[in-house]
Structure formats: C-alpha cells, structure tokens
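The same chain A turns up in both complexes below, where it pairs with chain B and then with chain C.
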Partner chain A sequence: MQLILKAFYIFQKDIRQEFKTRYAINAIVLFAVVTLTAVSFSIGTFAAGDEVLAALLWIILFFSAMSGLAHIFVREEETHTSDTLKLVAPPMSIYLGKYLFNFFLLLLLEFITVPLFFAVMNFSISGVWPFLASLVLGSFGLSAGATMIAAIISKASAKGALFAVLSFPILLPVLIMGINATRIVIREESFAAISGPLQALFAYAVVVVTASLLLFDFVWNE
Partner chain B sequence: MIHRIWQFGLFIILSLVIVSAFLWAPLAKGLGEYTRILYFHVPAAWITVLAFMIGAVYAVLYLRKRELKYDLIAESASQMGFVFCILATVTGSVWAKVSWGSFWNWDPRETSIFILLLVYAAYFALRSAIEHPDRRAALSAVYAIMAFVTVPFFVFIVPRVYASLHPDPLINPQGKIHMEGKMLATFLTSLGSFTVLFLWMFKRRIDIVTIKLKLAKMEQ
Partner chain C sequence: MELEISAKGINKYFGEKRIFKDINFDVRNGESIAIVGHNGAGKTTLVRILCGLIRQTDGSIRYTVDGKKIERENIYPYIGLVGPYLELYEELTAQENLDFFAKMRNMTNPQARIAELMEKVGLSGREHDEVKTYSSGMRQRLKYVFALLHRPTVLVLDEPTSNLDKEGTATVYQIMQEQKKDKILILATNDEADLKYGDKQIAVNS
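And then the complex of A and B:
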C-alpha cells in the first residue's frame, strides 16, 4: 500500500513540476500538431483512404510520444535530483509514478490530437467506444515501454536520438495492433470485432509493466 | 589436438551438407530449384534466435552476478546473432524474390526478422553510447531482456493476426515436418552442423573475452 501511495506522490510531484515549465506537454503537443499539419498539407483532405489514415493516426501519435516521453527521466538527471529521489522512494514506486505520468501525458496528447485528426483529415469511424478502448490500451502499453527506455537512455549520452532508436523495436507491437484495431473499427461497431487486437494490446502492456517492475531497480540504481 | 579433430570433423560435415543440399537432396514436390536455399536459410534463422536467447540468458546472469565477463559474453553472442540475422534476412529475401516476386513485401515473417535486426542494432547503439563498462553492462542487459520479452509478440502473435505466406515453420500447428527422407536427412544434418559451428565460434569468442579480461587485470 505504501508503495502505491508513494507512487502517487511522485506522480503528483511530476504533474506539479510539469505545469511549472510545461516543457514535455508543449513539446509533445506541438510536435503532434506540426506533424498533423505536414501530413494534412502534403496529402490533402480527401486524397487518402481510411486504411492509410488509420496508419497515419498511429504514426503521428507514436512519434509525438517519442518526442516528449523521455523527458520524465532525463529531467531528473539534468537537474541532478535523482539522488534525492532515490532516498525518498523505492524504485518500484518511482517507476509506477513516472509511468502514471507518462500515461497521463499520452492521454492528454490523444485528447488534443485525435479530434483534430478526425476534423482535419475528414476521418470517420463506426465503433467509437471500441476505438477509444484501443487508444487507452495502446497508451497503456506505449507509456510502459517508453518509461522504461527513458530510464535507460537518461543514463547514456546522445539521449534524444537514442530514445527513438531503442523504443521503436520494443514498441512496434503496439503500433501494429493499434493500426490493426483502428482499421477494423472503421466499419465494425462491436467490441467483438476487435477483441483480438485488444487482447494482444492488453497482454503486451501487462508483460512490459511486469518486466519493467522487475528490471527497473537495475537501471535506477546504476 | 582435440580442437583440431573437432574443426576437421566439422569441416567435413559442412562440406557434405553443402554438396548434398545442392546435389543429393531431391526437390520439394511441385517446387523449383530455389527451395534448396531452405538448407541454409532455416539454420541461419534458428541460430539468430539461439544467439538472441543466449544473449538474454547472459544478460540475466550479469544482473545477478555482476561480473563483467558475462556482459562481454552476451555482447559476443549478440554480435554473432547479428551476423546470422543478416544472413537469414538476405537468404529469405532472395527466396522471396524468386518465390513471391519481390525482395521485400512486409510479410509478417519478414517483419519479425527485420525487428530482430533492429533490436540488435539498437542494442549496439546503446552500448556505444555509454562509456562506463559497468553501467554499459547493466543498461544493455536490461535492454536485451526487455527486447527478449517483447520479441515473442512479433514471432507468435503478429504472424497469426496477419496471414503469412511464409512456408510452415519447423514447428507448425500440426507438429509435423513435411519432408521426404533425403530432404529431412540433409536438413537436419545442416541444422545440427550449423549449430555446432555456431557453438564452436561462440566458444572461441568466450576464450578471447577471458584472455582480454586477464590482460586488462595484468595491466592494472
């Protein structure tokens, strides 16, 4: 219980710190808007079919996430606050707190980007709730993997470039399943139609969170 | 002396495998000469996975024991796995050109082997970005294990979600191997001898690592 409580405190602290500078939120949302503009501008509103748009949506989300999610740990290293953090909380709480923050950040990103994408790209789907479920489950897995990779690269040099390079092979299942689910919900309304991808997304998230909780100690105390 | 005998035996068997793959083994029913690449493609793919697994095992060992030796062995396994991964990709791609008409078409199998290539490349990129040996060892070990946990999603889930044109893998859903006697004999000998070749090369790498560590200790 203490573990969860401490994780929540860390989450709170990160939220407060983030809203003081708004570094990660600005970076991630602006990146998404810029990419969306570039995509919309270059292919036009009616040129692309729904299948292509489903892929584009996830690609925009993925690379926007890559632009900001590493900040959570890089910040601690840059301001030299990680040693203090080590004193006040066990590694598991720290991972959970940071993970929660990244999850929150991704949801915020989706809250802004997805409606914008639907409006600008003239994209429409039948199954709204299944789609939202796939987005939430996708973010669940995406932020879990990204948080762990962020912890790893915060200790290395050339952080920015490495983050995308290391994350891509680990996070690609989320991208594939997410695109797959979105393609299905364009025509299908029921949850049953995308139960396969949803299960895979959920399984992925559980596996990655479990592995991260077990391994985080080794990264954090390095 | 024992080494020499092993080397010589392996040389003979591998030569036999090459000759029989091209001359002795019959063709699969209804398929052309290009199926002969099977005798080299499958062992390469298998060794890629084997090296990847060995790398993950040594990564775990490093995290438990904290001896630099295990990290260097994991790196050696990954380097060799990378070479075999390239071989499997290239042979597979050549086969795809002849059989499917294009070198690369993002078939689920092609995707999964490409991801493995990316994982290896990312692993080496990470290693080159960290100066301190202990830190490099710990972080790359964690990355290797993370990759090892997620790669099964490509190997087992993605090919089942998307239809693949790839011929049945060795362990197919029916649990059978569809091959004739001569083909099977050549195939299994090839698989076995390439595995021994890999293990022998791997052992040499371990020897080199051990000597390097001893030298480093003497210099101190």
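And then the complex of A and C:
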C-alpha cells in the first residue's frame, strides 16, 4: 500500500515537472504531427489501402513514443537528481510511478494523434470500442517495456540511440499485435473478432510489468 | 536511536582502475569522522558507498541500528546527505521539493519542521521560488533542509561549506556541532576549517 502511494507521489512530482517544461509531451506530439503530415503528403495522392493505413497508424504511434518515453529517467540522470530520488524512494515505487507517467503520456499522444490520423488519412473503422481497447492495452505494454528500457539506458552515454535500438525488438510484439487488431476492426464490430490480439496484448503487458518489478532493483542499484 | 557503521577492508575499482584500498573504520553515536584526501583521491566515492548509492568492489560495511543489523538497501531513512552531485528538482519550488521529500519519508506533519529548517538556513520567504532561480549558495543551503528534514541519525556532508558565505558557513558549523553531540557526523572535505569537526580522520589515497 505504502508502495502504491509513493508511486503516486512520484507520478505527481513528474507530472508537475512535465507541466512546467512540457519537454516529453512536446517531443512526442511534434514528432507525431510532423510524421503524420509527411506521410499524408507522400501517400495522400494515391490512396493507400486500409491495411497499410492500419500499419502506418501504429508505426507513427510507436516511433513518436520512442522519441519521448525515455525522458522520464534520462531527466533524473541529467539533472543529478537520481541519487536524491534513490535516497527517498523504494525502487519499486519509482518504477511504478514512472510507468504510470509514461502510460498517461501515451494516452495523451493517442488522444491527439489518432483522431488526427483518421481525419487526415480518411481512415475509418467499424469496431470503435474494440479498437480503443486495443489502444489502451497496447499502451499498457508499450509504456511498461519503454519505462524499463529507459531506466537501463539512462546510465549509458549514447542514450537516444540505445533506447531506440533496445526498444525495437522488445516492443515489437505490441506493434505487431496492435496492427493485427486494427486491421480486423476495419470491418468487424465485435470484441470477439479481435479477442486473440487483445489477449496477447494483455498477456504481454502483464509479463513485462511483472518482469520489470522483479528486475528493476538490479537496474536501479548499479 | 543508536547506530553503528563498521567498515572493513573496503576497496573500490572503476573498471581496472583502483580508486582506494583497504579502508577501515567504526563510527557510532556521538562520534564524527572526516574523510580526507587530495582532489580525485576518492572521498566522494567513499561517501557514496557509505550511503548505499554505489557498491564497493570488496570489503564489507555493517550497519547496526539499536543492536540489529540493517541491510544496505534499508539504510536510507537513517541518512541525510549533502553533496555537489545531489541536486533538488529545479523546476519545482523549494516548498514543492520539500513536500515531496517529506511524503516520501513518511512524515505526517512536516510543515513546522520545514519552516524551522528554512528559517535556520536563512531561506524563509523564498519557499515559493523555483529552485532554478536560486543562487548556488542558496541551493547549498536548501540541500541542508533536504538532508535534515527527517532528523537523520547519520549526517553525511561532502564539501559541506562549498559556495557558502561566512554566515552560511557559521550555520553549517552549528549544524555539525549539534549533529555530533549525540548522533553521527561524516565529513568529506579539503577545507582546513571544516576538519576541526571530525574527531577521527580517514585518509583515502590510491
């Protein structure tokens, strides 16, 4: 209980900091909007199939996320506050707090990018609720994995490059299952139609969170 | 609370490079030690090992609280640390920083303590300014509020008087004097004047 409460305090602290600098949110949203614009210009002239668009949506979300989710740990390292945090916070609450922050960052990204994508690319789906479910479950998994990798690379020197390189293979399953789910909801309305990808996304998130909680101590205490 | 730190044969390597070897000492309530050595000798490294922030390569450190052995990862509540590499959150105000640390330290009613310490270090009235607007001396003073907030049994000061003016230095000496009366004070310094507050000296050199 204490742990959850402290995770929440850390989350609160990070939100407050982010609110003042808007560093991560700017990086992510700008990346998404720029990519979306570039894609719509280059593809807009010849209509891309829905299947391709489904993949494009997830690719844009994925790489936008990659441009900002590491910030949460990198910032602590670069401002020399990670020792300060270490002195006052149990490691598990740090992971959970940062995870929560990244999860909300992703939701915010999706809230802005997805409607924009639908409008600009003339993309439409039948199963809105199943689609939203796949977004939320996908975000659970993406942010869980990204948070752990962010903690690992924050101590390294080539942080940005390392984050992208390490994240890609680890987060790839989310990308693939997300694309699968979206392809199906273009025509299918029911949850049942994408129960496979949804279950897989959920299982992925559970596995990654559990593994991270067990392993975070080793990453955090050099 | 009676606390004892007992260090035996501590060595530290960064990669292949040995920083220091075979550091031994004991310290308990009512005692103070000063860690001395030239620039780059490893004072800060030893401090960070003692505070559980990094691991030694060899040797053991035993922490005993009221006769019971405490593991490395459970010593943070007993420690207050001031050091040049330990920063507070720039974008937050002093008050927001301290509120956060107090909550993380399980303090239920910290406001009186915060006000008392801000007064003591001469920062009353600046609580609601963002830390990034503080001067370096003011930051150093604020770090003392962070370190003392939870009345730590062990106060560890790395470069205790850096950036401080005469008045700030006097306040710090008063803090050191109070700490070593019945608790533990550990200093890492090159400043002759600071050294008076260490009863024992530990030399680090490679």
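Throughout what follows, the second predicted complex is superposed on the first by the 220 of 222 C-alpha atoms of A that agree within 3 Å, B and C clash if a C-alpha of one lies under 4 Å from a C-alpha of the other, contacts with A are read in each partner's own complex, and residues count from 1 in each chain.
FYI, a contact is a pair of C-beta atoms (placed from the backbone, for glycine too) under 8 Å apart; a residue touches a chain by one contact, two chains touch by 3 or more.
Since we're looking at a predicted model, the values are computed, not measured.
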Clash-or-fit label for the pair chain B, chain C on chain A: fit
Touching partner for A:Q17 - first (chain B), second (chain C), both, neither: second
Chain B versus chain C as contact partner of A:A181, first or second or both or neither: neither
Touching partner for A:E222 - first (chain B), second (chain C), both, neither: both
Inter-centroid angle chain B-chain A-chain C after superposition on A [Cα, multiple of 10°]: 90
Which of chain B and chain C A:T79 touches, first, second, both or neither: second
Residue contacts on chain A - larger count, chain B or chain C: B
Which of chain B and chain C A:Y9 touches, first, second, both or neither: second
Touching partner for A:L109 - first (chain B), second (chain C), both, neither: neither
Which superposed partner A:L87 touches (first chain B, second chain C, both, neither): second
First, second, both or neither for A:A200, with chain B first and chain C second: first
Distance of closest approach, chain C and chain B, by C-alpha atoms in Å: 5
Touching both chain C and chain B, counted on chain A across the two superposed complexes: 222
Touching residues on chain A, where the partner in the complex is chain C: 2, 6, 9-10, 12-13, 16-17, 20-21, 79-81, 83-84, 86-89, 217, 221-222
Interface residues, chain B side, partner chain A - complex: 63, 111, 115, 118-119, 121-122, 125-126, 129-131, 134-135, 138-139, 141-143, 145-147, 149-150, 153-154, 157-158, 161-162
Touch list for chain C against partner chain A, complex: 48, 51, 53-55, 73, 76, 79, 81, 83, 85-92, 96, 100-101, 103-106, 146
In the complex, chain A residues that touch chain B: 145, 148-149, 152-153, 155-158, 162, 165-166, 168-170, 172-173, 176-177, 180, 196-197, 200, 204, 207-208, 211-212, 215, 218-219, 222
